[in-house]
Amino acid sequence: MLVTNSPFCLPSPVAEMGDAKAQRSERPKAVQVEIHSEPFSPWQRLESCCDRFAASAVFIGRVRPESAQGTHLDALELTHYPGMCERRIDEDAERLRQLHGAGAVLVLHRVGRLSPGEVIVLVVVQADRRGPAQRCCNELLEVLKHDAPFWKREWCGDQGAWLSGNTPL
Amino acid sequence: MLVTNSPFCLPSPVAEMGDAKAQRSERPKAVQVEIHSEPFSPWQRLESCCDRFAASAVFIGRVRPESAQGTHLDALELTHYPGMCERRIDEDAERLRQLHGAGAVLVLHRVGRLSPGEVIVLVVVQADRRGPAQRCCNELLEVLKHDAPFWKREWCGDQGAWLSGNTPL
Amino acid sequence: MEARLQAVMPHDDSGSVRVLLFAALRDQAGWEEKRMPLAGDGPQTALQLWMALELGALPAAVRVAVNQQLVDPDQQLHAGDELAFLPPFTGG
Amino acid sequence: MEARLQAVMPHDDSGSVRVLLFAALRDQAGWEEKRMPLAGDGPQTALQLWMALELGALPAAVRVAVNQQLVDPDQQLHAGDELAFLPPFTGG
């Protein structure tokens, strides 16, 4: 899902007054999920829309230079279940956002063939306090690891091997 | 302390081979602490030196639009104890880096007069896995809140009030 | 009316399900998508349909989704369902 | 040699400490830095020096640093020390 209108740049609820609370349920969801098949710059993406809340917790995951077995890695291939993947992340992100009282969530995840060092995942959670931002960001990353239908295959030369599990915390 | 040569961009220990381990104790510390009296762009700062480790946990704190009492805020003044402040952060960051097995730590903290929305603090922790990066980043932020000699004063018009404590987690 | 239209459509799915495989399962089977008929004689579960694919026993770690929702392998299928077999997720 | 040089320097600190105040303490006292002599008759602690500043009782929340290290208020002072009184930190 590539959300074209961005609800990520909502003004801080703290900065609003009066009847804003009553209208909140009518607003667009403050969750934005994007699956990218091409490289993206996490910093440029962040610069444009991460400045309205007092606290921002960010996680960036990159391709390791070696395989799970410790050997040289040429590339990491990422595939997903289109539709189900985006919807699961979206639902889980909104659930965690409400659970932790966070303000806005952005998730960018790569698919396709990635080289070592390339960004796989970017998670940004904005909130009015650091605790909700950090906790929501950490838990959302676990959701991406364990509950979203993505699969990684490590390539060395013409040998590809699907990973059977995630790296431990 | 403005560290001019950047040990933050060290290559990942994982990506190195052989005798690199033996040399590690002779290298510059992988901790960088900067106190800035002028605004900085966290994203531009990050773009240039945050791409060698698989996991990066980032926290950005900004000035709230209102005071601790919920009233309008014109500006936030930050002062510090020069020398002691930098050294305490540096020592705590290195201690936490080693404790969690993180790779590199960057701390940027503002002093001076800040407007609502301006960045107060940027913490970046890079590691080979997400857990160490996240835990070290979270704990380092608590250190900055509770153990580093910074003081905040809230300004509304010509009325200034020193804060007596931190926002809760 | 709807039933009559379906009856004359070339790709009638009134008695079949769409089956999707991912990652290692896809390589193992040599295909990623297949339309499978539902058995005419009574209810059929996701697990029963897997057995009809003749890919061996369903690995314990493989999860089942029907219409993009995770379900128990004993979930009963209906005509037109999208059935997916999902190896352990390794994203993030 | 060193002692002789110090003896003729205009800002001799051989018998004094440098005292720093921060934040609200600074506003309250109306100064941020002061050189205070050490009493000639025996050891003097940080707390004793605070009392000599005549700023009232040392607030319980105020921490004491000597030479930029946090110490107990009963820490004994030495000539040339940098003594700082620190209100609760509110950074980050």
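Letters are used for the chains, namely A, B, C and D, taken in the order the chains are written, and counting of residues starts over at 1 for each.
Everything below uses one rule, namely that contacts are C-beta pairs under 8 Å (C-beta built on N, C-alpha and C of every residue); 3 or more make two chains touch, one makes a residue touch a chain.
Keep in mind it's a predicted model, so treat the numbers as computed, not measured.
Using the average of C-alpha coordinates as each chain's centre, D ends up farthest from subunit A. Mean C-alpha position of subunit A lies 23 Å from that of subunit B. We define each chain's centre as the mean of its Cα atoms; on that basis subunit A and subunit D are separated by 51 Å. Distance between subunit A and subunit C, defined via averaged C-alpha coordinates, is recorded as 29 Å.
Multi-chain contact residues of subunit A (touching two or more other chains) are listed as 61, 141. For subunit D, the set of residues touching two or more other chains is empty. Applying the touch definition to every pair of chains gives A-B, A-C, B-D. If you check the complex, the residues on subunit B that touch subunit D are 61, 78-81, 83-84, 87, 109, 120-121, 141-142, 144-153, 162-166. Contact residues on subunit A toward subunit B in their complex (touch as defined above): 12, 14-15, 41, 43-44, 46-47, 50-66, 117, 128-131, 133-134, 137-138, 141, 167-169. On subunit D, the positions that touch subunit B within their shared complex are 20, 22-24, 27, 61, 65, 68-69, 84, 86-92.
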